[in-house]
Structure formats: structure tokens, C-alpha cells
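What follows is a set of structures to go through.
In what comes next, chain A is part of two complexes: it sits with chain B in the first one and with chain C in the second one.
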Partner chain A sequence: MAATKSATDVIIIGSGSVGTPAALAMAESGLRVLVLDRMPSVGQGSNKGAIGGIRATHSDPAKIRICLRSLEIFSTWKERRGDDIEWHKGGYMFVAYRNREEKALRELLVTQKAFGLNIDWLDRSQMLDLVPDLNPESLIGGTFSPDDGSASPLLSAHAFWKAAEKAGAKFRFGEIVMGLIMENGSVRGVRTDKGEYHAAVVVNAAGGWAAEVGRMAGLDLPVKPDAHEGAVTEPVAPFLKPMVVDIRPTDSSVNYYFFQHSTGQIIFCITPNPSIWGLETRETSSFLPMVAHRMVSLIPRLQNLRVRRTWRNVYPMTPDGFPLVGWAREVKGLLLAVGMCGQGFMLGPGLGELLAHVVNDTLPTKDREIMGLLSPYRKFEGQEKLK
Partner chain B sequence: MSDFRIEKHPILTPPSAETVTVIWKGRPISARAGETIASALFAQGERIFSYHHKDRAPQGIFCANGQCAQCLVLADGLPVKACMELVCPGQKLEPVDGLPVLPPVSGSARLTPIEEISVPVLIIGGGPAGLSAAIEFGKRGVSALLIDDKHRLGGKLVLQTHRFFGSYDAVFAGTRGIDIATKLENELRTYPSVQIWLQSTALAVYSDKKVGVLKDGRRYVQVKPEVLLVTSGAREKSLAFPGNTLPGAYGAGAFQTLVNRDLVRAAGRLFIVGGGNVGLIAGYHALQAGIPVAGLVEALPECSGYKVHKDKLQRFGVPIYTSHTILSANGKNSVESVTIAALDDKWKPVSGTEKSFSCDTVLIAIGLDPVDEFFTKAGEFGLTAYAAGDAEEIAEASAAIFSGKIRGLEILRSMGHDVGVIAAEWYATAEILKSRPGKTTPETIPDGESGVFPVLHCIQEIPCDPCTMVCPRDLIHIHSDDIRCLPCFEVSDPAKACTGCEKCVTICPGLAIVLVDFRKDADYPTVTIPYEFLKESIEVGDRVHVLDTEAADLGEVEVVAVRAIKANDRTVLVKVKAPKAFAKKIAGIRIQEDDVTKPMDRYAERTADDVVICRCERVMAGEVRALIRNGFRDISAIKAVTRAGMGSCGAKTCTALVHRLFREEGVPEKDIIDQPKRPLFMEVSLGTFAGNEPGSIKDGGDRGRY
Partner chain C sequence: MTVFGMGKHGNVGVKTQGFATPLERLRDVDVAVIGGGPAGLAAALGASRAGAEVVILERGKRLGGILNQCIHDGFGLALYKESISGPEYAERLMDDVGREGIRVETGAMVLDLSADKILRVNSRSGYSLVRAKSVVLAMGCRERTRDMIEIPGDRPAGVWTAGTAQNLVNLQNLRLGNEIVILGSGDIGLIMARRLTFEGMKVKGVFEILPWVGGLERNVRQCLSDFSIPLELTTTVVDICGRDRLSSVVVSRVDEALKPLAGTEREIPCDTLLLSVGLIPENELSKRAGVELSPATGGAVVDEMFMTSVPGVFSCGNVLQIHDVADWASFEGFVAGKNAALHARGEIPTRGTIVRITPGAGVRYALPQIVRRSAAGVDLHFRVTAPRRNVWIEARGSASGTIFFRRKFPRLLPSELQKIKLTTAIDEDLEVAAHD
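Up next is the complex of A and B:
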């Protein structure tokens, strides 16, 4: 089973939100890629837990730039590649009902505009024009970024996988990585429960399992999965254009967000407060009452919309809420693309291209800054403002 | 009332004539108070409830049991399951045509916290198993909460007009299912320690060991039980064939619900797919309701249901096509005919054997799957849980009654209550009641040509003993402790011979005992035959065709008496005079004429390739098959690409069909990776989870569904 040393240039651990589009970008750049995943098929880890929102409206230049590229890939996928990934350009709306959120959002707007994002402040009546069903009581206004949108994580993962295979990437599912093959401080390959594979470059894109993979190389990666729940409703005729995000914290939750998918279904999730740490995917009784209470308060019209299915999956979190991307210093040949903090789906395609450049050593100068900002060895001093 | 109501039934009493008016497609229609929307529409002859948003395919019912979601209609602007929602006066009903518009509301909601209660025992499902278990708690004054998603207790017992098989002592064998339901319910209602919530559906078992319940169809309550007993019964399997979702193609249980629970003449003419007990009994129920049955197909060389059921159905004049399969249900917007063909020894249809039958309804009766998701989840989450009845293992309702009782006692014992020893024989009886039919012995006709005696046309081993319990002279025996053995009639003391009391004839659940009386006329003995059709349908002087056990026509004979007495509990006894040459072979009377069972002159082919695997999302077999051929083995991946299993029902009907496609493609079961099951069991509104106080907000559809 073991591949010979020359058969593979790069082994990617994880065929999820990051690993799959990275495999595509690398394979299309001419690299010989092998992707290993413990799950039986593509995107079955945390990728399928994503609700599908894709925005460039972040608070920092690295994620803004990566997601701008992702947006381009998602939004043009169908015309360039043919398959429908249910891309829907509905925009993102952040609502402000209190001065505190208004202030935070307005401050972010400065950075966001500085990076050329198409985003603006809407006053109360503009907000209500856009989403007439918003609870008008004490609504101040909010931001709206029309170029953001959504796509199906499930269809996207399959589309990336298919395209990557077409470009020559190999995928092995249902294989658990047991260890890294090391030689004189360099990684030489990967040992799984089924065999050994050799390559000079190994990418850790293991999502919620990233720290575990890091330990195999003796690294202590500050990536901790925390569990979030999401849900989808029955489909109804289109009535809600943007993703609506409410960042007001409460006793039991932080932010929550929802949008109407191109199928007509509302997909939503909430960030629990405090975080629930661990690779936990078992459903809780508290999720639906908590999120429904907030959603129905924000948009009373949602009260009659029926919830169809719930699920739970993990956000691989880092101390400051930003991903860890870059070469490991301790082990030569080990590239980290971990800690996506719940944004792997939207970061994935853009990040995949960056990673291909990193491996090929063709990183454009303008992207070097990104790598610096996301360096795994940065000081975790700041805190992401728009998690 | 319309033409589609059953106004007279040999066993059932039509419910009160109290009517309410509802509006269907802008037109007022009359419905029975307290019936479901589905039954109200069927009673108007409406079978197309909606049009699917994906391809505008007409949608009818499939399960009529709250399991699938095919019967959605808009009730006052909101999508509801027509089979579960009861009619309300003035309600505006519309088909769902494409994606429904979410009704706008005004004002903001008044939200109350979600109620949470703790109970020692929560029982999900008030059918035979759940009721029997609950009675054990009630008897001992132990608190328990029994929830059921329907508006009345009894589960599928309320659909069963026939007398039950099984053990007379243990599970009321010889009594009709509907009456067992009443008995169990009446007993349970005398015990104040058991709380009963009707129209209350379990939605999920959560990892914190709480069970989410939609109470009274409108309020969300979280129940924290110490012990969970899952007696949620079974759901019907679907079958993949062209036209399988045409309105008019639906489950046999759904049919029994419409006909026997709601007394709606759901079909004009029926064809049945599947020769298990469910299909055979559904055929019998149809005939009782005056609905002709054009035939029944069974893929196996022999029906898997009880032989007495099969024989009876054939005697009534329903052809049974074994080693045959359904090729298609045909029709434009609803079923107009069915096409069948013989199967070769490799299960492939034999070209040239196609036959079509005119019918408006095709019943799918190919088996049941346990509703076991709550039990499985409870197990995953470490909540102490038990299962009984079909939720544990698919078997007869009589087995469910008994396993429910045993499980109740086991739970009581685990809680520290003294329930004495649960006898080993009980477990043995439970196993016996669950057993499939055993071997068939060739029939022997008794020699005697004098006096009076019963002839038992009961030649297959099944768990059943009522005939041995009712003979006042104790002349019918099973020579074993095992009630699956065949009963036999024996006279040892001529002074204590059969008196012709007819009790055995009346009680036999299989209608397999007749009485032959030579006393008045040795050449033309009188034969007494049980008859469970309208007594007005047969009269003294009528000439009827009599048949032997396996439905061979013995000839035409004259009816000399029709006896319908209260003590016989709706079993009419028909007496015919027949020549002694075949009198002892008579097992029954044909009641259906040949013309309804004749194939059409030419067989009908369905050109549309609409073999639907996932009803909710209308995913076709071809799409799934193509992925399997491309190497897909993870059902989650098939779901991701096709949406099969993403619909309202939560993959309740398509999972088995996807497995079947894998099998057809030669993929071994061990290579298939199942998808994880996720809540909710059924769709419930965000307002309900938010604790919306009913009536706190105005909208077009404000009838309390929040």
C-alpha cells in the first residue's frame, strides 16, 4: 500500500473545509497530492456542520483578503466548473439594537472600508427596507455588505473533491492518521491505521483534530475544539435576503446568525456562553429554546417556521480567534492550516490557494502580510472582534 | 354526507354525525368533528393534497401515521401534516403548491420559559405495548407519564376489526383489536398515577437525558425521566417502483387508518403489494368496508402472513399472485391502474407475464420498521431505556401487549418495587407470541357423517388458542404447552359430544372453523360458516359459492339461515345446506365477483421514470444508483449530493430503500456507512421552541400552532 517517496509531493491530513480546496489548488499547481481523512467521505468532519455563510466582512486584513478570494471562487464556481453549489449572494447584515453594538460595528467599518470591502452603515429605516420583518423596537441600524453570501458546504466539499481528483489529487477516506514519519527533524510522511505514505510536505488541516495531529510532531498547538449547534428549517418562499447576525451577548449565548438558503430553508446557529469545549457532537436540549427565543424576538415572523433538523459540530478555536497558518518551525516540512475558529468553510478556498503558493514557494508579496498575521508563532494578544 | 363515508360497517360504528365546515380550495366542505384533515379530504374524494415544490408532482398520503410528511396541506396558511392535524371549524385548507409563504405577523411575541418536568417513567407511545406497560405502573400506584402523538389511545389496535390471535389467557386472543384497545384504555384510566398526554409527540432525546415533547400539539415541554420506555411502534416500509409516489399509492396502515379509524371509503378499488399479515388483513378490512380488492402480489413463492388470513382472502374472491412483483403504478395525477409480472428464480420479472389491473389505490404492505430512534439515542446518551412491542421487534400486536407488560414489570423491579418473580414461562410466551408462522400440515377432513362437529381448517402452526378455551365440553385441544401447535377436535366420551354451540366457529380469529351438522339431514348437512360482513349483504334463500380451505370452488349452495346475535359479537353465522359430498370441505363463502379481479385487456406501461427513493426531496432511484456505481458507500455523502434524507421526515422512509439499492448493486451491507440520525422527529415551529404564548401575537394562521 505504501507509496514510494517519489509518488507524492504533499500529504494533506483532513479532507474538510480547508484540506479539500487546498488539495484542489495544489493539484492544479502541478503538485502530486494525497489527502487522508478518518471519515468515510469528503467533508464529514466539521465541514458539514457549517451553516454555509461566506463573508469577507471580518475585522482584520488577513481574513478579509482570504475570504475575498474565497468569495470569488464560490460565486463563480458554477460558471467556471459547472456544478451548482447553491451559491446565493444575499449579503450579511449585522444588527445594532444598543449603543454598544452600534459603536463596535461602526469602529469595524473603518477597517473594513480601508480594505476595500463593500460594506456600509444602514440606518433603521434602511435596515427595515432590506429586512422588513426585523423587530423595529429599539432598532438603531446596522451594517450591510451586499457582496457576501452563502453556499452549501455539502455540495461545495463534493465539488472541490471532484475537481481535485480531476486535477490528479488522490483521496483516501476512512484512514486514521496514527503518526508522522520523521527523520532528522523533518517530516517524511504519514503513518495511518492502514499503511504508510511518504512525502516531503505534510499539511495539518485536521480541523477539530488538529492539536492531536500536532502532538504527533511534538507540537503543542493551541487549538481547542468547542461545540456549537446548528439547525435547518422547512423551506418557504424567499422572504429574507441577507444573513442576519446579532452579536449582542446574553447570559447563555453570544452571537447567533441565520439566513435563508437558496433552497428556501433558514439555517441558523448560535454561540453558547460559556463555550462548551471538546469534540462534542451530541445534541443538547438547551440549543433550540435558546436560539429560537432570540430569533423569534428579532424576527417575530419566524415563529411559524418549522425547524426540521439540528446538528452539532465543533469550531476549532485558537486563543485569539484567528487561524494558525504557516510552516512549523520545529519540524521541517510540516505546514499548519489549523484553528479556523468556525470559519473554515469561508476561508477554505482562498486559503487553499495560499497554501499552494506556500508549498510551491510562489507566495506573492502582497500575501506575505497575511502569513505574518496568521503565523502560528504570533503573540496571541488581540482578540477577534467578529467571531 | 358525501359518497366517500362508510355509513355502515359490519364491525365498526360510524362516529357521531356532528359536522364542521372547513374550506378546501375556497369551497366549503363538510367534515366530521374530531377527524383529521386527511380523512376529511378523502371523504370528499380528494386525494391530491399538494404539489411538490421540486417538480410539482402531485402529493397524496403515504403513511397517515405522522411518520412521513407527504400529506402536507396549508391550514390557515401554515403547512401541517394532514394525517395528524384535526379539522377546526372555518379552517381554510389549501394545497401546498411550490414553496409556501411564511405568513407575516404583527407585534412582537410574548415568550415564556420552556416548562421542564421530571417523571419517574416516561412511556412514548400508547399502543398495545405502552398501554400494557402503563397498566402495570398504574396498578401499583407508580407515577408514569404516557404520551402519544395521536388523538386517541390504542395505537394500531384501533384499526383492527378482526379478532386477535395469540393467547386467550395472556393477551385477549379472540377479542377484536379495537375492543382490546378500549379494554386497556379503560383499565388504565382507572389508575390516577399514570398521566396521559394525547396529541403529544416526542421530538428528541437529548444528551442531557431530557426528552423534548410537543404537548397537545402546541406547547414544548422538556421531560426528564428516570426511565424511558419506548413503545412507539413501527413505520411502514416504502417500495421503489415507477409511480410509487402517485396519489393513491400508499401504505396499508394508512388505508386501515382511513377506513377503520375514520370510516372513510378511501378507495374505489384496491390492489395490494405484499402478502404479510398487514397486506392480507388490509385486504380483509377493505372487503369489510365494501371496497373491492382486485388482487394481491407477493414476491415470495408463499405469503409470509398467516395462512388462515391468506386462505380467507382467497375464499372471498381475491386472487393472490405469489412469485409476482409490482412493475408500476400507472396514472397521470393519481393511480389509475397497476401492472404486475411474474418473477423468475433470480427475482427478475418475466417478460410476457405482465398484467394490469384497473384500480385507484395501490397499497404498499411490504413490512414494517421499528420506530427505534428514541431508544437508540437514549442508549447513546446513557438514559436508562427499555423498548417493547414493535419498537423493540416487529411482531403481532398480541406480542406487543405481552412484551409491554413484561417490560413494565422489569422497570418496576429495577426501580425497587416488589413485583414478585417474572415467571420464566412469561418470557417463553413472549417469544411464542412473536414467532413467525411455522409448518403447514396437509388438511385431513374428519370421517364422521353423523351428529354435529366442527371442522378446523387451521393447518399452519401459529400462536393462537381461543378455540381451545371456549368449548363448553372441552373438545378442542392443543396437545402441547406450545400454543403454536395445531388444535384438534376430539370426542372421547360419545355422551359428551359436540352440541353444536357454535362458540368455536364464532371465536376463531382466522374464520377457519365451520360446523357441520348432519342431525337434521344426513345427505344435506347444514354447514355453519362465520361471516364478518354486513348481515344485510346475505339473506336466506341466496345462492352462494362455497369454497374449500384454499379457495377451490365447491359449488353453489343455498343459505338457509343467517344468525346475528349479540353474544357472537358482530360475527354473523351463515348456515348453508350442502351435499354431504363436499359439505365437510366447506371453509367459506365467496363474496366478491370475478369482474373486479379481471386483468385489463392490455397491460399498461409507465413511461415516466419516477422511481422515488426520497419522498420528501423527490430523489429518484437513478440518481442514487449512479452514485453507488461511482463508488459512493457513505449514505451521508449520497445525502449531501442528492438531498435524499434531508427532507421533513428525517430519512425515515428512504434509508431502507437506499440500502435496497446498494443490495441490488451488489454492495455488501458491511460496506455501507449509515448516516447519523439527528433530531427532530418531526418539524416544529421556532415559536414553539421559543415558548411563544399561544395567542400573544396576531397573524393569519393563529390557531395555536406555535
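Up next is the complex of A and C:
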């Protein structure tokens, strides 16, 4: 195939939490972007399963830096762009009821503070001042980061989409990517069930389907979807400001977290133990008893709330709990932005800008470290402490 | 111009100056019908036949609503003059909707409705705003749960609301258990008693706290008596036992104040308890739009056009008042839909002076609650508070004492929704009462 001049610079596979803001950032940097998605609209994969939490208070420099930028984008979106994405700055609270969690959280605090994060240790009484309904029995303390918050995944996905279109990005929905067009070890475009599209750069932002797309390029990406469930209650008067996270593991679950949305509902989620692998999204009957029991023991007052809906969706997991971001070595022109491990929503906007820099080869020196840490070719020796 | 901003608390329809924000994908329509069950489908037909451009927004994957799980017959007697099943009834309405070329969106959840009739809709094709000239509320109802009637005891698996059980058995082909107890004698509970018997489960009894049956008499005969399923009135469940799975319930007789009578408790081993203890109109969207609700019906306060307190917003079917028969929900839909179309064209005059219709002795509610002054030929719905024989129903002018309606009914049951016609023009407030 002759190297014909293509009308597109970048094809992004997936218009979810990562692909959509990436399209926006790339289009605004002057690139001609085409986004392909098998679903009929934006955010119809795992994005719609997200509960909307956004925090920069991670345990590693890469995610901290990306999410700091995401927070800036989410929190200023309305004033800069006009649409309300229901950004709510409620902060994140991690609770410690045992010495083990206290030690883990205090250790993390050192890293987090070194990155200039606004986070502090609160003692028992400060915690109870902030969330008076917390079960006081054996509460030691916890961390609180007031600058974290939440936004509506539904409204923000649509806001990013509309802004991206305005910046010139094209979206084609309901098209299934069947294969990559390759030439001499380089990617030249994408073949879908409806046609062929040519571009020198293809971004794999396919979330739960990332490994499938990787195989089209002959890559064996270590991304495995793992099911999590969430739920929403009836709306009640405001009584809970921050997102509350409890990282104590039990024999059937790991951490769980919940917050009160600005419209009054409590939205919550739990990480099952062991993980449930696969793309299955039918909810289970074991989820609610498991999470309700833990939430009610943490905030007894929650027992009076009625649950309206539960749902299940997938976390595209990697061996160490960190995303895989960077150029594929085996295939020239294929950029990976996969394995968000359930944090695609909060990483998306910051990561989108980073990806735009990578494609334009304008990555600031300070961000090179991030790309090293998230390299798809790292050794996976560490383990994310705050999954 | 008007910009439909999404406020912090989800309030749409905020009037501000400026241009549309990028989020907006605004679609205009004459009549938006929320809900595609027996009332909503009929409303869409009524509106379309009256010349309006209509869209049906249905939350489920298919049209038909609860009709789809009602595989028993008895539907269509009033509308089609024959007895057909729920899915067949839905199919006939759906065929008509197809013939009319009415736009249907399934999997479309209406997240919000504002008083200026902007709907926030989330569907598979994304998030969008619909601006309607008229809206028909046809969201149906939901079931009362164990929590709402406060049955004490353990919290084991095996306790279901009857409608959920109907869905699981009829649509998902699941077996609920082996030994069933049913609390409440609402129609769904009665129907499920027969259904579970057909499916090889043992229904050990239907218990009703009131001294009369909540469902239709024909259902007591055809669903319980014909299968020798015991029905005990003035009896309720006072305890639920079981660790992981339900193992038994304790029933007790109640006194006139519906308080359990000590010493009458009886333990019944069972693994499944169905609750058929009432339906609640699903009016959350109506509230968002500021629609005035009636505490007596749990539905909107409407006038004789089925228009609510919010101009251009109409209500029909179970979201307005709980019906005993689906056909009547559809009849309401046809009328509400037609009026919605007329309103969309500006052919319904503003209300002007109104008179009120209120329930008197022996009457639980009367609907419409509001009537345009001098309206004639008004269809009046009412329900009695308790079973009555040889009872006079009277609609009397509150000021003059003039009798607008008077008829003797041989038998009236609280379970039956009654409809009468007030032929003369109503020019004063009315009270509807039952007298011996």
C-alpha cells in the first residue's frame, strides 16, 4: 500500500473514560482525530459503571500526577466550558480502625505529602467532626484529602464528547473494530465491520476489550477484566460530605467506598475477594448482603436507606494494579492506554493530555518519569497499595 | 433565550441568558409519553390519532411494561371484548403503535422532568434532552415491600414481593421454592398463588390483615377456591424466621384495630414468602416537575382532562391511581393522550375557575379532584372504604345541596375502581359519599 496522505492523524479505539478525553486533548492540540466505538454512544462500556469518584491521593507518583491534572480539568470544567458535570468537592476519607490500616495509611501519607497533595492525618475526634455518623468504636483516625471529589460519569463523558466534536474530532459509533491494517511492522489504520480508516497512529483505549484489540496486533496484553458491583440508594437529605473508603480486607471482600451524591443518593461499590474475572455484567445476589453489612457496621445510620438499583461492570486489571501506557514496541504507531484498573474515569482527562503530548512528541521532561512508571514493558514487581 | 442548564441539583429548565451549551442535544416533540405499559401505549395512540407527533420513552428493554409478565388471561374484556393474556394485550397496543408510526425509544430512562417540560433522558444512544409541548406521565407503580409494612423477624432469603416473583417465574423461568406463604390478598398475590401451584409449588395459604379481600372477587374464585388454597382474613404475618433461607413464618389473627391478638399465633413452615401488600404510584418524576400529588391516591391531582397541576403535564394509568383492571388504565391513557395532543396545539383553554370534588363518608377518594367550572359529562372515578351492600352513592353540591348524581349499587368493594358519569354541568364544589 502506498503511503497515501490520510485525512486522519490518530484513530482512537474506544470512546470511554480514556478515549473520549484523549480525543478532546488531541483534537485541541491540532491533530485530526477519529474515534471508533462498538457501542451506540460514548461511555457505554465501563464508564457508565463508574460511581464518579476522583482523587489524586494515590500511592505512586504517576497516578498522583495524572489525577492532579484530572482534578483540575473536572473542577474547572463548568467555568471554562459551561456545562455542569456535577463536580462536587467532598474530599476522600480513608478510615483506620486497626493498627495495620493506620500504619499503611501513615506510610502512604509520606509519599502523598512529598508530592504536595493536600492530605492530612485526622485523629479520632477530627474524623468524627467531619463524619459524625462514623462508628466511633475502636476508630483510630484516618486520612482526609479535601481537594478530591466526584463528578457525574454520564455528564462528563458527554461533555468531553461534545467538546471533542467541537474541536474537530470525529466519532463513529456502532462500529466494531475487526483488525488493524499493518505494513512493515507499522500500523496504518483500522478495519471495522463497516469500512477501513487510515492513520499513522492508533490508540488502544478499549478498556475491558483492550486485550482483544491487542491481539489484533499480535500483542498479548496483560489486561484482564474483573467484575465489580455498585449500587445507588434512594435520595435523602445531605448528611455525608466525603467519599468514605475502608481498606480493611475480609475473607469475601477487600475495600469498599461510598459517598453521597449532590442529589442525595448514597452510591457505593466493593472489591470482591477473590476477584471475579470476565466481562459478565449481570449483577449477583451476593453483592448487596456483602457490602451492606460492612457499610452499616461503619455508619449504622445507613441501615435505614433503601437500595434502588445495583449494577455490575468491569475493571480492566493489570498484574500490579497500574495502567499500561506507552508505545507498543512490536508495532510502530500503536499507542496503548489500557488497564486502568477501575480508575479510568479519574485518570482519563489527565491521561488524555499526556497522550496528546506523546503523539505530538511534546512530552514535558517532568512527565517522562510517568511514562517510565506506566510502561507496558515494566517488570510488574510492585503492587498498588490503594487499588 | 431559554437555556436548559443542568443545575447542581439536576434542575433543568433554569432560565438564563446565553447560548446552548455543548452538552445539549435538544429534540423537540409535541407529546412525550413516559412509560410504555397499558396506559402509556394507549396515551401515545390517543395523542397520535389526534394528530400529534409522539415519542414513547420506555425504561425497559421492550414495550408492554408489567403486561409482559402477566401471562394469565382476563385482559382485554373491556377494550377488546374478549379475554386475552397480558402479552397479547400488549401486542395489540404495540401493533397499533407500529401502524401509527409512533417513535419508540426503549432502554430510555427519563432522569428528570422540569415544569417547562424538558426531559433529561439517558439511553443507549447517549444522554439527551427532549423538549415536549405536552407530557403524559404513565410510569406505573411499584410494590410495597416488607420494609414498608414493618414485619419483624430475621432477614433470610426467600421473601419476595409478588410482582417480582411473577417476573422471576414467568419471564426468567425460575423456581422460587417449595412451600409458599402469601401475605396480602392483592390481585398479583392471588394470581401468583395459582401460578405457583401450576408450577408444582405448594401454596400453604393466603393471609390478609383486613376483614375483606384486596383483589377482585373473580380472582379469589379462579385462583384460590378452584385450587383449595386456604384464605384467612384478619390474619397477618408477625414473625419471619430463618438464618440464610426462610424456614417458617408466624401468623396471628388481628383485632379490629389490626393489632395482633396474643395467643392466636401459629407457626407455618415454608421456604418462601410472597408479599402482595399494595402498590405505590411511581411519582418521582412528577415530583421533580412540581406536580401536586393527592395523599389519598398517591398519584397526581388531575382535572377532567387528566391534566395535573402543571400545565401540559397529564397523568394516566397506575401512576395516577391504582387500577384493578389494565383496560381501565388504557382507557385513561387514550383520553389523557388525546388531551395532551390538543394541549400541544394550544386547543385546551386555560383552566379558569375550578370546582373541587372531595370524598365524603364511606368514600376513599374521588378523581378527578378538580373540574373546570361548568364542565359536563365528567367521568368520575371513586373507591369505597369498605365493602358495602345496597349502598347509595351520592354526589352533592357542597353549597346548595343539589344532587348531581345518585344511584343505588347492590354491592361495592374497595378493590373495585368505580366509574360514573356526571351528565350535568358542575358549577359548584361536590362531595361524593356513600349512604345506606
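Convention: the second predicted complex is superposed on the first by the 382 of 387 C-alpha atoms of A that agree within 3 Å, B and C clash if a C-alpha of one lies under 4 Å from a C-alpha of the other, contacts with A are read in each partner's own complex, and residues count from 1 in each chain.
The rule is short, and it goes like this: contacts are C-beta pairs under 8 Å (C-beta built on N, C-alpha and C of every residue); 3 or more make two chains touch, one makes a residue touch a chain.
Since the model is a prediction, treat every value here as computed from it, not as a measurement.
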Open item on the list: Based on the shared chain A superposition, would you classify chain B and chain C as clashing or fitting together?
Closed with: clash
Open item on the list: Which partner chains sit in contact with A:Leu279 here, chain B, chain C, both or neither? Use first/second/both/neither.
Closed with: neither
- [ ] Mind working out whether A:Pro40 is in touch with chain B, chain C, both or neither, as first, second, both or neither?
- [x] both
Open item on the list: Going by the contact rule set out at the top, does A:Leu363 touch chain B (first), chain C (second), both, or neither?
Closed with: neither
- [ ] Pick one for A:Leu373: touches chain B only (first), chain C only (second), both, or neither.
- [x] neither
Open item on the list: I'd like to know which partner A:Asn135 touches here: chain B for first, chain C for second, both or neither.
Closed with: first
Task: Dominant contact partner of chain A by residue count, chain C or chain B - done: B
TODO: Once the structures are superposed on A, label A:Lys166 by its partner contacts, choosing first (chain B), second (chain C), both or neither.
DONE: second
TODO: For A:Gly82, select first, second, both or neither according to whether it touches chain B, chain C, the two together, or no partner.
DONE: second
TODO: Kindly classify A:Leu302 by the partners it touches after superposition: chain B alone (first), chain C alone (second), both, or neither?
DONE: first
TODO: Examine A:His293 and indicate which partner it touches, taking first as chain B and second as chain C; both and neither are also allowed.
DONE: first
- [ ] Jot down the residues of chain A that show up as touching in both complexes, chain B in one and chain C in the other.
- [x] 39-42, 44, 154-155, 158, 285, 306
Task: Touching residues (chain side chain C, partner chain A) in the complex - done: 5-10, 21-23, 122, 124-127, 145, 147, 157
Task: Sites on chain A touched by chain B in the complex - done: 39-44, 48, 133, 135, 137, 154-155, 157-158, 173, 233-239, 264, 282-286, 288-289, 291-293, 295-297, 300-311
Task: Sites on chain B touched by chain A in the complex - done: 53, 78-79, 98-105, 107-109, 111, 114, 204, 206-208, 210, 212, 220, 222, 380-381, 632-634, 636-637, 639-641, 646-648, 650, 673, 678-680, 683-692, 697, 699, 701, 705-706
Open item on the list: Under the definition above, what is the set of chain A residues touching chain C in their complex?
Closed with: 39-42, 44, 81-84, 86, 154-155, 158-159, 161-163, 165-166, 262-263, 285, 306
